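In structure tokens below, several structures.
In what comes next, chain A is part of two complexes: it sits with chain B in the first one and with chain C in the second one.
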Partner chain A sequence: MTKKDKYKKVAYYPGCALEGTGHAYNRSTKAVGKKLGLDLVEVENWNCCGAMEVKNVDPKIQTYLSSRVMSTAANEMNMDVVMAPCNGCYHNLKKAEYDLKNDTESVDVVDRLSKKAGHKTYESGQVETIHALDWIKETIGEDGLRERVKNSLSGIKIANYYGCMYTRPRHIFPEKDAGPGSESTSKPHFMDDLLEAAGAENVDFPLKTACCGGAHTLSDSDTSTKLVLNILKTAKLAGADVIATECPTCHSGLEMHQIRAEKTLGEVVDIKILYFTQLLGMALGLKAKKVGVHENISNSIGFLKEKGLG
Partner chain B sequence: MMSLAAIESAIQSISAEPDASASASELLKLSEAVIEHWIVARGEKPTDEKREGFRLLALHRQGAKGDPSFNACRETCREVVYHYNLITMQADDSEITNRLDMMKMISSHLFLFISGKMQVAELGEFCCSAKPIRLSSDLETGTAKEP
Partner chain C sequence: MPIHEKSLIRPENLKTHDELILDGVDVSGHWSTFIETRVVSDYNEAIEEEIAALPGGENIHRCWQCGSCTNSCTVNAINPEFNPRYWIYLIRMGMESELLRDKDIIWQCVSCNKCTYACPRDVFPEGVMKATSHWLERKGHTPKSPSMHFDEVFTEQILKTGKIEESRTIRRFFKRTSQGLMQPWMIEMVKRLLKNLPVGMLTRMGIATFVAPRTSNWSGASSAIQEYIDEQHQKQEELLNLSELIDIAQKDAAA
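Showing the complex of A and B:
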């Protein structure tokens, strides 16, 4: 079966962030999927992937938590693909997959905890974890998007920001850097490709995988603010009107520290921050509200109206 | 070794005038100096070797040994090198000022990332729990264990 067919119906793992600060990403991902005729079946009774907090305390517990999500998809829902739009969830499921394939101690811990919890142990290879970018790129692709665009993103200059967890560490993403058509870990381009197909003009953005300080946004807000401010200013210098995101942690970090930079450092950087799914959704003819633009912290309604969107 | 505060200030003061290529070389050296801080704070000697023709890339590789999370600045280092090449190989390009400004932003990001990481690891020269201060006070009391 080709990826195009395989990814048309996937187990959807939104993760905690998409039910909270990243709700606009949840809303826009579902809306875009529906518009494109793709089927999302939410993982039943899903749990936290282990995020950064659990991983820092005990990485093997994180492996178990992520494996439980994959076990539910494979063993209870009979699905073979899990789609996680959050970079943290995506990264953790991929890491769990790698560990369960290569580390017998992880296999033992996951088996023991799964039995204790009363569900089938996840076995490496039962599901394939993909990101929302893979999902749209492989099923619809650039040509398919071009055919479906109703409101071109023409005239919008975009800096595509992938964050640090979508490509790192390289060894947990064996499908990346795998020749023509695959994603690159050093210069990711899937988001660039999709938004360009929707009519946008991508700028050359050198910090597309740089750290936004998301991991220590609470413990060291000042450093996070400076890192985000530098990302915003670099995108602006590159000529961008908008930073497109594909991670709820990066997105909320960029939005919140944009405001914090203004309040604490007096630095105002006028650049809009939107999820790539919000931009694609509006290009496909969905209203701004339908893709949750009103749920973003930053206000881009005026800008979008000016560009004929929303 | 130049202090981190001095490095930050030097990055900010660099300008494309009068010689953008010389300024790009200076930014490259300052980026190297940032990683040297990380390596020295971890008790190692910064390498003089080059990787793909650049000491910065060799230093990054050295800094990432034993700490995979340091790879979060791998592409930032490569972007510093890329912009250095753009500026020095096309010194008469009309975009030269913009390119140097961009290289400054990338070098600043490297500085912010590594100095932030050093604070988290309690390395460097930031507060009373910072390694150099802790070591010197241990030296005074004769309890120092680290070299």
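Showing the complex of A and C:
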């Protein structure tokens, strides 16, 4: 089966952030899926993937937590693809997959914990984890999007920001850097491709995979503010009106430290921050409210109206 | 192995004489700047093994000091003192007192994994940074870092409910680190957030603050995880020879 068909119906793993600060991403992902005729079946009774924090306490616990999600999708729901829009979840499921394929100790620990917890042990290879970007790129693609665009994003200059977890470390993403058509870990382009097909003008943005300091967004806020400010200023200098995001932690980090930079450093950078699914949704003809633009902290409602969107 | 970064020569080891004549040649001024020779005798040869015994530190022995990690490091770009290559060198050489000079910044690694990406030897420097900051805390060299507090608050919540509800994590973290929630930027952020938010969304957020979202039938997984954490903790205590430290602390307390 081709990816195009395989990804049409996927197990959807929103993760914790998408039920909280990243709600607009959840909402817009679902709305875009519906509009494009793609089927999202939420993973039943899912748990946290372990995020960065549990990995810091013990990496094997994170592997177990992520494996439980994949086990449910594979063994309880009979699904073979899990789609996670959150970079953290996506990264962790990929990492668990890599560890369970290559490290026998991880396999033993996961098996032991799964048995004690009372569910089937996940075995590597049972599911394929993909990002929301892969999902739209492979099923609809640029040509498909071009056909479906109702309100072109033309006149909107976008800096595409992918963050850390989508491409690093490269060994957990064996399908990337794999020749034509595959995603690049040094210069990712899937989001650029999709938004360009929707009519947007992508600016040359050198910090696509720079770090926003999300890991210490609250525990070392000064560092995060500096890192975010650098990203915002560079995007602005590159001529962007909007930074497009594909991760709830990056998105809320950019929004939060945009304000923190104003309040603590007096540095005001006026740039809108929108999830790529919000932009795609509006291009497909959805109202701004439908894709949760009013849930964002950086206010882009007026700007979008001016551009004939929403 | 020579240390190339100029910044690593400590100011106290730079000796300048205003007037100096050597073998009849006047070398006063900056010609008389010397780097103090040093003799390191307080090696702690156990450090490398101890850090390698903690999660993330396993591959430290593979490092051949190319410096790709420091070169690519996000934090090094804003603070040149943050130098993973140098710390790996010190750990492998057992130069504990030098390592301890930087004990308060090692936890600031943002886990962006640029180092892991750049490393030609699969050292996983990001993991080594985590293992090192855990080592510093477990050995009593530093108090728990804010980051460690955050990780603990987060993990406790997952053990309890299986999921994270962010407002809870944030409130507990601020409480545990004795910080006020009402910082000007936080107030401004909430203000802007509320500006356009519909009532339905507010209600939903309000409910989540009182009733935490949870994974059902979670107790089995939770106790299995807790048991594993305790077991690992115990193992690490032995590998880090912490019982000795604990004994000393107890004797000190008794005296």
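Some notes on this structure:
Everything that follows uses one rule, which is that the second predicted complex is superposed on the first by the 310 of 310 C-alpha atoms of A that agree within 3 Å, B and C clash if a C-alpha of one lies under 4 Å from a C-alpha of the other, contacts with A are read in each partner's own complex, and residues count from 1 in each chain.
The working rule: a contact is a pair of C-beta atoms (placed from the backbone, for glycine too) under 8 Å apart; a residue touches a chain by one contact, two chains touch by 3 or more.
Predicted model only: the values in this text are computed from it and were never measured.
Per the definitions stated earlier, placing chain B and chain C onto a shared chain A by superposition produces a clash between them. Put chain B and chain C next to each other and count what each touches on chain A; the higher total goes to C. In the superposition on chain A, no contact is made by A:M79 with either chain B or chain C. Using the contact criterion defined above for the overlaid structures, shared-chain residue A:L237 touches chain B, although it does not reach chain C. Using the contact criterion defined above for the overlaid structures, shared-chain residue A:A288 touches neither chain B nor chain C, since it reaches no partner.
Once the two complexes are laid over each other on the shared chain, residue contacts for A:K116 go to chain C alone; chain B is not touched.
In the superposition on chain A, A:I156 contacts neither chain B nor chain C.
In the superposition on chain A, A:C211 makes contact with both chain B and chain C. Of the two partner chains placed by the overlay, only chain C lies in contact with A:E262; chain B stays clear of it. Once the two complexes are overlaid on the shared chain, A:L227 sits against chain B and chain C alike. Only one of the chain C stretches 24-32, 96-104 or 168-176 carries C-alpha atoms that clash with chain B in the superposed arrangement, namely 96-104.
Shared contact residues of chain A, touching chain B in one structure and chain C in the other: 164, 168-169, 210-211, 213, 216, 219-220, 223, 226-227.
The residues of chain A lying in touch with chain C in their complex are 16-17, 19-21, 23, 45-48, 50-54, 56-61, 64-65, 68, 109, 112-113, 116-119, 164, 168-170, 185, 210-211, 213-216, 218-220, 223-224, 226-227, 255-256, 259-260, 262-264, 294-295, 297, 299, 301. Contact residues on chain B toward chain A in their complex (touch as defined above): 68, 71-76, 78-79, 82-83, 98, 101-102, 105-106, 108-109, 112-113, 115-116, 119-120. For chain C in complex with chain A, the touching residues are 55-56, 74-75, 78, 108-114, 116-117, 124, 127, 130, 145-152, 154-155, 158, 162-167, 170, 173-174, 177, 184-185, 188-189, 192-193, 195-198, 201, 208, 213, 215-218, 220-221, 223-225, 227-229, 232. Per the touch definition, chain A reaches chain B in the complex via residues 164, 168-169, 186-187, 206-211, 213, 216, 219-220, 223, 226-227, 230-231, 233-234, 237-238.
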